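Each chain gets a letter, A, B, C and D, in the order it is written, and its residues are counted from 1.
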Amino acid sequence: MSTSKVASMHDAVADLVRNGDTVAIEGFTHLIGFSAGHEIIRQRKRDLVLARMTPDLIYDQMIAAGVARKLIFSWLGNPGVGGLNGIRRRIEPASLAPGQVPLEIEEYSHFGMVSRYTAGAAGLPFMPLRSYFETDLPKANPLIRPIRSPFSDETIYAVPPLNPDVTIIHAQRADANGNTQVWGLLGCQKEAAFAADRVIVVVEELVDEAVIRADPNRTIVPGLIVDAVVVDPYGAHPSYVQGAYDRDNRFYLDWDPISRDEAVLQQWLRDWVYDLPDRAAYVEKLGAERIASLKPGSAPSGSVEYGDYR
Amino acid sequence: MSTSKVASMHDAVADLVRNGDTVAIEGFTHLIGFSAGHEIIRQRKRDLVLARMTPDLIYDQMIAAGVARKLIFSWLGNPGVGGLNGIRRRIEPASLAPGQVPLEIEEYSHFGMVSRYTAGAAGLPFMPLRSYFETDLPKANPLIRPIRSPFSDETIYAVPPLNPDVTIIHAQRADANGNTQVWGLLGCQKEAAFAADRVIVVVEELVDEAVIRADPNRTIVPGLIVDAVVVDPYGAHPSYVQGAYDRDNRFYLDWDPISRDEAVLQQWLRDWVYDLPDRAAYVEKLGAERIASLKPGSAPSGSVEYGDYR
Amino acid sequence: MTDAVVAPAPAPAFSRSEMMIVAAARELAGQRVCFVGVGLPNIAVNLAKRTVAPELELVYEAGVFGAQPARLPLSIGDPTIVTGATAVVSMFELFAFYLQRGLIDVGFLGAAQIDRFGNLNSTVIGPYDAPKTRLPGSGGACEIAINAKNVFVIMRQSARSFVKEIDFRTSPGNLGGAEQAEAIRRAGGWNGRGPSVVVTDLGIWHFDETGEMRLDSLHPGATLDEVRSTIAWEPKISEHLEATPAPTGEELRLVREELDPGGVYTK
Amino acid sequence: MTDAVVAPAPAPAFSRSEMMIVAAARELAGQRVCFVGVGLPNIAVNLAKRTVAPELELVYEAGVFGAQPARLPLSIGDPTIVTGATAVVSMFELFAFYLQRGLIDVGFLGAAQIDRFGNLNSTVIGPYDAPKTRLPGSGGACEIAINAKNVFVIMRQSARSFVKEIDFRTSPGNLGGAEQAEAIRRAGGWNGRGPSVVVTDLGIWHFDETGEMRLDSLHPGATLDEVRSTIAWEPKISEHLEATPAPTGEELRLVREELDPGGVYTK
């Protein structure tokens, strides 16, 4: 029944992420695929179009590493801390290095990005929404267009589908066939995955198919649309995994000074990305004590009864 | 925090369902609100517009009892058994009693109905979908209208929002504030509830708020939009509740001969609806043995860890 | 049963409904993701999963992907399709993210009427506004016919159902012919290529290059006269007409003992 | 602390940020459902829930309804807003079924620039295509301003942020004035009535009948000269200008000990 799709991060990224691809690493504050982003940096992918609602630290690192030519997004910041200095240096003309090509941007609101993924996942040519009225966003982005209702004579707005070549999501668990379960914040991962041509799922834990089938309502992505399953514990650090570890806020604070200086940032990439082979080495370098400090207390969901019907 | 919304079925229906209302009792084969439908019959509500994807036995009973003037639907049948004879007699001219007004119908496909509820729940003036091409449905229903994409020059179809005055759903459990959890088939209950002005939730079990909060990803409807919580164990019989009881298929088979004869059907309504005060009396009349025969074996979901973060 | 090892058992007797179900199940060999409809499709697909297509992923419009029903589901919303499934989702997600997105290989439909181009009616007999017989209506059939990559049809033949002109087009097939249908499907961005097979109680039909049904296989015991007398048009018959192999003992055992012990679909 | 029973403690000292947060929290009295933004709104709303609005339902755009954070969330996606919440849903559902459906009473926004009519910029300083300072952008701010029934704004006053003309309109306020804004909001079917209050480090502003900000309350220690020198236009001052009551000891204790022990927002 289940052909194993389990792969190393190296192989998954080498096989499935191609130069020039549109890549979405989704996960809203929760389950951010840092280990996948680092592998893309390590393999020196180029000319990517990076899509993400909140291009936080991971895209700051990837863009500073030079993997991207364009960014599609809705909120650009280090959540709770400040700005993204690596990306800003590629956008603000005063900061660009001589001769450096600025990063192309395509900007929406949160609901606009979610709606783009939803249209992509649903096979629709557009998604209507009640946003953008009387704002400058449609002027800044000609892909935000008015649409008239065939029923009410109202004119609202529409956004086009976003269909990434590759979507990468991080999750609590999946089976070897890629059937994936998430709890806690769900963000737009399901929509981004269904919208994509190829999907990489990175998990904290590989589980037996029976674990998935015991609670089918928790499945957010079926193996049907998954191309590779990578088992990378702590792969979402410094972001968090509900129930497994907390956000490492110290790193979010540390990133601000690191990223303010291009040379310091590049040194950080050498120390923590290029010079390490994989996430296991990153976790080892981080240290057991720091990892242990992120462990939450227990708050179990409790079990529900599905019933055995034969 | 939680003002109790717990009410008897009598009071909930008396307070919240008004003659002439558009009423949606949703639940796709699973969790069909029979006890609520029976109370609407018992209170002799009139001129209702009944919306439901699959107006199965419960709407056959309600329409035969004379509560409705119009039906909005997408599949009209006794699932796995045959037709709905009570409703057909109100639609087929050869079967109408002399002078009887035919039931008005407004017909969609399943995805059309789901999309109507989704538009209603999302506050959108329409929902686009890739259905209806080259079919006779848009001719039969002028509310299915073409819409042109502002991006691709494609013309697809759109349906308008469906915003019931009252939506009634049956669920495994809720707290006194109406925070409601469902597992197993989800149908379109969430969308139908968010689309409605008023919501009645009928549950197998009233639980403490802490049970809901232990697993927030299972909540399909928040108390915010709920007006009344009715505790009616076995209220979905003869349909089923995942984990609690099986579909009583014998009744679905029995309904076919009962409903073929208008007099037999009306006698059934007297015996099982009008002459009984509530669902508890119905369950008693059904008998402990029949109820016990519907109990499934055990298949627990297992518990997941949310983590305590302080 | 022990002497079956030395001498093959005689070919078992079977009903025409059983032959139809078995033939439909066999057509699913090699398919991956199948959208299961109520009634005959339900039993045919469940038989296929136990025989020619163990890898088949069953999708139920009620919101289930990867069902592993422990019994024949009584309806397309039976609790047995939920317990042990891979994923259970809202119907919006099922129709939008699975069907409309183009992930369904085969949609399996029945109908009350079919025409020579595989257009289907499951809505009404007679005029829509004053029906002679009011049928269930589309359910998901309209969008399955448009968005499933291939459509399999299963229905019993009769001159009332294999008609020159259907009374209502619920599910588009090859429209007025293959050329027109292909152009419209391409221009409209449909996921589906239209109907590919019609399995009846008498034989197996595919669609020729003009988009019209052609009888490619005749079931054991059925005759061409019977086929012609149960169709309201002069049907195309393949020059290489085959004989459908009779159901095997194992196929019949599965149908009779596991899938439909009550004989609801097979009588 | 025991002698506090016989003699009231002297009014405690407090910072302007603390006054701003406390004043913003008090404005939430009587509100039911609040959409919580990142940063200052986050702490103000969490303070309100512990003081004037215990029934307040906290909605986080990350997909949480009825959060009961056990600590001050570090961001709007902190795991503490999930554990113990009433409902956790996809962001599509949060934005579509809660915000766009019109279930949110108060949306709480900050911004980099505001004009006299409460229009907000959180996108860019300078030209969009060649920014002097690139800011975070809309996030949910654009749709919150359109679809939350009321919008509360919290931001520090300065001549660089309270400007005659904002560089980019991310979130519509009263547009060019109340009459125009009301007509456009009604005709367009917006859920929201627009901004209703702006709480700053110097005072509390509401909007008069022309849709322009008017200072209704001055915080302790702030002067009208200061107010005028931190605004790029000549501000309207209420004829019945009030003095904002100083933070109570309990309000300050909650901010300092429970909500922001690190002083991130209150320094």
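Following the convention adopted for this analysis, contacts are C-beta pairs under 8 Å (C-beta built on N, C-alpha and C of every residue); 3 or more make two chains touch, one makes a residue touch a chain.
All values reported here derive from a predicted model rather than from experimental measurement.
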item	value
Minimum number of chain-to-chain touching steps separating subunit B from subunit D	1
Comparison of A-C and A-D by number of C-beta pairs in contact, larger one	A-D
Chain of greatest Cα-centre distance to subunit A	C
Cα-centroid distance, subunit A relative to subunit B, in whole angstrom	38
Subunit C-subunit D separation of Cα centroids, rounded to whole Å	59
Whole-Å gap separating subunit A and subunit C, where each centre is the average of the chain's CA atoms	41
Subunit A-subunit D separation of Cα centroids, rounded to whole Å	29
Per-residue multi-chain contacts in subunit C, two or more chains	64, 78-79, 82-84, 88-89, 96, 100, 147, 189, 191
Two or more partner chains touched - positions in subunit A	123-125, 129-130, 152, 154, 156, 183-184, 186, 190-191, 214, 217, 242, 246, 296, 299, 306-310
Set of all touching chain pairs, with the criterion as stated earlier	A-B, A-C, A-D, B-C, B-D
Subunit C residues within the subunit A interface of the complex	33, 54-55, 57, 64-66, 68, 70-71, 78-80, 82-89, 93, 96-97, 100-103, 147, 189, 191
For the subunit B and subunit A complex, residues of the former touching the latter	123-130, 143, 145-147, 149-152, 154, 156, 158, 160, 172, 183-184, 186, 211, 214-215, 217-218, 242-244, 246, 296-310
Sites on subunit B touched by subunit C in the complex	28-30, 53-54, 73-77, 79-80, 83, 87-88, 91-94, 107-111, 114-115, 118, 129-137, 140, 152, 154-156, 183-188, 190-191, 240, 242, 246-247, 249, 252, 296, 299
Complex contact set, residues of subunit A against subunit C	1, 121-125, 179, 190-191, 194, 212-214, 216-217, 219, 222-225, 306-310
Subunit B contact footprint on subunit C (complex, rising order)	38-39, 61-64, 74-79, 82-84, 88-92, 95-96, 99-100, 123, 128, 130-143, 146-147, 168-172, 175, 184, 188-191
